[in-house]
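Working notes, structure below.
As written, the chain order gives the labels A, B, C, D and E, with residue 1 at the start of each chain.
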Amino acid sequence: MTAPDLDLGAVAPLCVVAVGAALMPLLDVLLGRTKTFLSRPVTAAWAGTVMSLATTGVLSIALVMCFDAAGAAPRTFNRDHPMILMDGMTSFLNIVILIGSLLTALASGKFLADLAINRGEYYALLLAAVLGMMLLVASTNLMMLFVGLELMSIPIYAMAGFRRDSLRSNESALKYFLVGSFASGILLYGTALIYGATGTLSLLEIGARFDVDDPVLLIGSGLLLVGLAFKIATVPFHQWAPDVYEGAPTLVSGLMATTVKVAAFGALLRVFQMAFGPIDDLLYPALWVMAVLTMTVGNVMAIIQQNTKRMLAYSSVAHTGYLLVGILVGTQVGISAVLFYLLAYTFMTLGAFGVVAVLAHAGRERERIADLAGLANSRIFLAAVMTICMVSLAGIPGTAGFMGKFYIFRAVVEQAIATESSSLLWLAVIGVLNSAISLVYYLRVPMVMFMREPEPGPEPDRSGTFEGLVLAVCAAAVILLGIWPEDLNLILTRVDVLHWASVASASP
Amino acid sequence: MFDLQENLLSWVIFLPIAGIGILLALEAAGRIFMSRRLSDRSWRVAGMGFALGNFGLSLMVWQRFDPIDGGLQLVERSAWIPDLGIQYYVGVDGISLFLVVMTGFLLPVTLLASWTDIASRVKQYVFFMLCLQTGMMGAFLSMNLFLFYLFWELMLIPMYFIIGIWGGPRRLYATLKFFIYTMAGSLLMLVGLLVIYYLNAQQFGFLNFDYIGYGGASGIIDTLIPTAGAPWWQTQFWLFLVFGLAFAVKVPMFPFHTWLPDAHVEAPTPGSAILAGVLLKFGTYGFIRFAMPLFPEAAVELSGLVFGLGVAGIIYGALVAMIQQDIKKLVAYSSVSHLGFVMIGLFAMNLQGLEGALLQMVNHGISTGALFILIGMIYERRHVREISEFGGLAKVMPVFATFFLIATFSSIGLPMLNGFVGEFLILLGTFAAAPWVAVLATTGVILSAVYMLWMYRRVFFGPLTNEANRGLLDLSAREKIVAVALTLPMFWIGIYPASFLRPMDAAVSELMRTMEQRGADIASHNGGQSALASLPAETPGRVSWLREPDASAEAAE
Amino acid sequence: MEIPVGHYQFVAAALFMIGVVGMLVRRNVIVMFMSIELMLNAANLSFVAWSRLWDSIDGQIFVFMVMVVAAAEVAVGLAIIISLIRNRDSVNIEEASLLKW
Amino acid sequence: MDVALVAKTLFIFAVIMLVFAPLMTWVERKQSALMQDRIGANRADIFGITAIGLIHPVADVIKMITKEDVIPAGAHRLLHTLCPLIAAVPAAISFAVIPYGGSYSAWGAHWSLVVADLDYGLLYVFAIGSIAAYGTVLAGWASNSNWGMLGSLRASAQMLSYEVAMGVSVLGIFMVFGSLRMTDIGVGQQETFRLLGFLEHLGWVAPGTRWVDWVTIPAWGIVLQPLGFFMFLAALMAENKRPPFDTPEGESEIVAGYFIEYSGMKFGLFFMAEWIEVVVIAGLMTALFLGGWSLPWISDQELIGWLSVPFGPNLANLLAMVVNVSVFFVKLCFMIWVQQILRWSLPRFRYDQVMHLGWKILLPLSLVNILVTAILILLVDELAS
Amino acid sequence: MESILFWVFSIAAIGGALGMVGTLRNTVYSALWLVVSMLALACLFIMLNAQFVGLIQIMVYAGAIVVLFLFVVMLLNLTGGVMGAEEQPLLKFVGVALAVAVSLQLGSILLRIELPWPEVSPEYGTTAEIGRALYTDYLLPFEVAGVLLLAAIVAALAMAKRERG
């Protein structure tokens, strides 16, 4: 038995997050027992702040490491048997995930305290989920993909139900759990069939050995995609999303809508690029229909929602549709468009959920859209951030959302022109028409905030320092990414499909 | 980088938003360090200052503009998103010059007009107005299509809020309708834009969003867009339709106009004034700047459609205006009618038609803006706008009645006033291209005289029946300044249009040359067939008396 | 080894189908949960049989991982159910479902 | 079927079921009497012969079998009947992997004294043991009784909790002996290691000094894994739910826990199960920690070698077998005795104490044990190379 | 012999599964049926030279997971048909029909696979080999599985622990 050829440096950011996840419960216990070595006990709120800052710190360290890794050559952990690939795309997605979760962690301190669910497990779960996401986007092996997916999902199930006194939160968690596990089961069986047909679990080798005529392999691939489709909530596998987002604590919903989706998309990208190349033609019509349905259903259903979180849930379904378009195109331009979109989407969605979270004080949540009435009078900052996020989600120029859509549609049109494919063009047309539909509900939010008189009652809470910081960062990022996206291009150009080829030689 | 001489256009575009930045910074600093806020009044005054500064800068543009040169002037260009061929690229030519000046002119006027009208949430008001100004200026001056698109949609947001916050009772419905109509149209244009963008890249080998090539490089305008022999969505016909839809909604052309009465009626006075004065011009501006030069073949092929819709708009707008009870709605429908004129003038595709249309765009901006502002003044006093509520106002408010009469005449197109010059040129041009259209359009002129004068009579003359009107005060000093400011350019254009037509002349000639050139390119590509060939190469009956001889001679070269 | 691999796979497919159908038709949360376990087990059988067929240990390792995951899922899932039931008992048992299912 | 296999199976089950399990009733009574300063178990007699109470097991069996079998109203009849079996059978069959002797060959035949010499030996025990949980869990539920239910809940929680500690605490043994196969572990324990070997390594004595080799100790599990021994024993006893871990039965609180509604032979089977488990525990501890069937310092080869001198190889093998089996059962009895001592000397834990011990003491300690063991193994490997 | 065992165990596995899904009366029965299915599966694993996995299957599924199910069912007294989803009959019908159709298709394809079993080394499927694989080729998933379990413990704690004070 020889020791495997390991490259620990490749997984350094993962290690940081993992160690953080392991230490966070200890820190929690320690903070609970400060009485023994401090003259007076640390209050729960302070303990929460310390935990949230510690989590943020851990994530920041990982973030810096990922930035460092972004430009470097692709690496893998176990050179004899690569399970993950830390290349440009992984680094990029990791950065997105870390930014999203970092902002969430930073805002969580006051949020949890407000809801009286200030328990230290939250941060441990958050970090564990982040680790899962990072692994998921890095995985080049179906086993790693499965384990990463579960490591991501299981903590989120619990986080969705973190408001144990709230029946809605409980039901949300239960529903997310049942649907999520169901999806995992489907994905797993699909994996089994793929393994059976090809005899390998490595995505690259599956791609190499793909026999387009093997029904077992095709059904397996289909099941795998269905499993992932559940996770990213594409129509018709989206029905859990609104319920779950509505019931879960708002910041957790934000996390689900952003980083979880980013990670699942990362996995989808990998699978498509590495393994499913040979069946692109087969998948094209299915994905086409799915993308169109996802956009349209998401947007149309969002119009009739009265609950902000529910509306955002359907909005996230709609955005999934746009992202699918990028995947469908499949060129490098398309993939970098998806990556950019994911980053932009993370900021704007997180900002929107963040505003709702600030208003979600236990006992008097303002979750209905109507509850936002007059917010511009009482809390202009929150209203401004919300407006910026909504405008960006709607894809109006000058915001990250527009640039994202622009990148996606440009990839579509480029490919349409290159292949003279009018079905792709229709996809772009349907996409922009959907954007127009989405205006109806996105603009309703600023409308309510600015143009309606507030209902009598206590003024909404001011955002805390860290929450305010997070919201400001989101809003600023949305605008900056919308106006100067070219700095990001530096990272995007590192996203090179060709890098994957170099791994092929590394795998056995 | 901040040099006023070098970067004049950037100053024009960004001064308002920079003002916003300064004000916000002051506000924040005040809150943080002195725990007090800036007063509403200081915002208003500062906003006025920035607006005036903006106007001054736009005048400076006019002053530095070389009327002989038909191309772009005062160009600024720097890399923005080079990977995608997106540049920060602004420039002004004879087509956009007066639109810019008019835009610069209208903002301070409307701000002054709404000095007391808008009393709530003043800071937000100033904020949105200045943002709007940046958007409008940017859209007129952008020479990179991406930049244009950005400003084009960006200006919708402040207008959305202006109508929605300070508007009338049905403002929410109106503003959403306004936004979605205009946005939906332009989103399709985005796809069309991308198609052209990649056609251009295919033909020239690099990604480029510059409309007019810079420094010898090719621009979007140089793209050879096929008329046949390519997938249908790459042909001029469809692309023109897509672009045309976006612009037609904005104009608004006849079947797409339904958002306009709602928006105008519900919008607050400054909103209506800016909306009618500037925003509608983007539709026609889009046609003359982008749709026609890019797809000349399709423009010619479809000019019949445009004529039809334009005439329909003229007559329909006039007829509907006639039966309106609400003064504001009446003026709104008159806009539909007037812009129909502009459209047929554009698609006459000759010098008179185009110049007339360009001039009429400015005219309409000033006279309709003035009408809305004047209506706002009476609305501020009475809070009603029904014609039946008034009558005999001339007795209590003589000064107001006078200014309103001037504006009304201007709108009708009475000689000596601005409207006449524009409409005359348009009809002249149209008659040369399509006589029947001109004939039908002329009925619009008559109808407009009918409904405007009828309205004027009912409001200002006759007995003073309504007691509520008896105690109305005449215009205050501030309002007089506004009214005078609005009236002056009407006379100027009406009496001495040459100072406006001269700079347009070179640009329009240049434009027509471009279209002909592109027609020839297409023809050689298609093997000799071009719809443009059917156009009269040199238009008969040039109205040289309107122009100084030396300028016309040069333009003819 | 006289039974061909297809037979084992057939059993796995049947179990998977029963799991999916159970998940879809049953309304008892615990049974739904158990149906999911059944699906995982079907995949396990499939993995083991393929693993034997390809003479590679990957499949068995995968099964090992699935069991880890299953254990974790059960722990969390049952905790969620406990928390839900506790709450429902104390709050209002009549309110069957606040969120639309 | 292999005759030897059948013979081995029959032998061990006969010993366990027919000898040890009934005897346990006697041992239990005698032990308690001894510790409580009574005489105990001396009433039952046959024709006046009490035989120090050895008649009692017989009397018990007769009593159990002839008593009325009550199935309470509302009980689930099938499960109620099955549960005692589910509890007892796994306990009995888990002895199958415990070797009670080495491997021998005589007259051409070759056999090893273990029913099933499985590669995953101990895992089998754990797997079978985990099935036994159903017996207790379902018993309380099936009898439709609150006390039974409470007992079942406690039992299932306790068994699940201690399964973890049980598995982890014995890992050290696998690490030391490098196998899960019970016979490998048994053979491994026949080695000795030189207690003073470190002196050579440190260079304090010259290599090859005779007296260094004299001081040796057998490489028994208990020597190599002293902590593991105690933890594993504790965890196994907790799995068996006998005092001091008898909270699921807790007479004083929940009357008799999960088998409160049982009577007659079903009741007897639950007790049988417990006693069989005591024997299995003793067997496991012997095989894993006490050197199994071998005499200390004397490996099988040496023993057979010595015996071959007077008796010839065939007979020597047979004799060695007898010696080894006897040694095994002596050790087994010792371990049973240890359990009895513990059972009668320690008071019952409270339920929370049980959980505390399992999760907060045994589990962390056994994890530390693994860590220390791993480090030591690496160190020794390093030194050896 | 082998075929008999296969048929016995597969019928037990499928029967157990059917029993689990089909038992409407009592959740405990469903759980017991599941155990039957799990045990049969474990036996099938062992028939396929996956002794280690088979044993773990018994320990984890039969010994821990289902016991945990039973524990919760008993603890919460969920034995009746408590809780459940609002009916979406059409959607469910479509889902079921789809599942059955795909499975039938798949089953008929799978049933026809008759690839020869290869000879495997005696090491195949033993604890040692699996252990070796886990600590070399599959080191990363193995470690991650550890984190996963930690996360699951924390998650379960966060959900089920009683509030202090």
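One rule holds in what follows: a residue touches a chain if its C-beta (ideal position, glycine included) is under 8 Å from a C-beta of that chain, and two chains touch if they have at least 3 such contacts.
What you see is a predicted model; the values in this text were computed from it and never measured.
Common neighbours of chain A and chain D under the contact rule above are E. Greatest Cα centroid separation from chain D: this falls to B.
Think of the whole protein's Cα atoms as having one middle point; the chain whose own Cα middle lies nearest to it is A.
Among the inter-chain contacts, the highest number of C-beta pairs connects C-E.
For the pair chain C and chain D, the distance between mean C-alpha positions equals 35 Å. Averaged Cα coordinates give chain B a centre that lies 65 Å from the centre of chain C. Distance between chain centres (mean CA atoms), chain B to chain D: 95 Å.
Mean C-alpha positions place chain B and chain E at a centre distance of 70 Å.
Multi-chain contact residues of chain C (touching two or more other chains): 9, 12, 16, 19-20, 29, 33, 49, 53-54, 61, 65, 69, 72-73, 76, 79-81, 83-84, 88, 97, 100-101.
Chain contacts: chain E has residues 52, 56, 64, 68, 75, 102, 106, 110, 113, 138, 141, 145, 148, 151-152, 155-159 touching two or more partner chains.
Shared interface positions of chain A, i.e. residues touching 2 or more other chains, are given as 143, 147, 150, 154, 157-158, 161, 164, 173, 193. By the document's touch criterion, interfaces exist between A-B, A-C, A-E, C-E, D-E. Against chain A, in their complex, chain C makes its touches with residues 9, 12, 16, 19-20, 23, 29, 32-33, 36, 39-40, 42-43, 46-47, 49-50, 53-54, 56, 58-59, 61-62, 65-66, 69, 72-73, 76-77, 79-81, 83-84, 86-88, 91-92, 95, 97-101.
The part of chain A that touches chain B in the complex is made up of residues 376-377, 391, 396-398, 402, 406, 409-410, 413-414, 416-417, 420, 422, 425, 428-429, 432-433, 435-436, 439-440, 443-444, 446-447, 450-451, 485-486, 489, 493. Those residues of chain E whose C-beta lies close enough to touch chain A in the complex are 102, 105-106, 109-110, 113, 132, 136-141, 144-145, 147-148, 150-152, 154-159, 163. Residues of chain B touching chain A in their complex: 80-84, 121, 124, 149-154, 156-157, 160-161, 164-165, 171-172, 175-176, 179-180, 183-184, 187-188, 190-191, 194-195, 197-199, 202, 231-234. Chain contact summary for the complex, chain E toward chain D: residues 28, 32, 35, 39, 51-52, 55-56, 58-59, 62-64, 67-68, 70-71, 74-75, 126-128.
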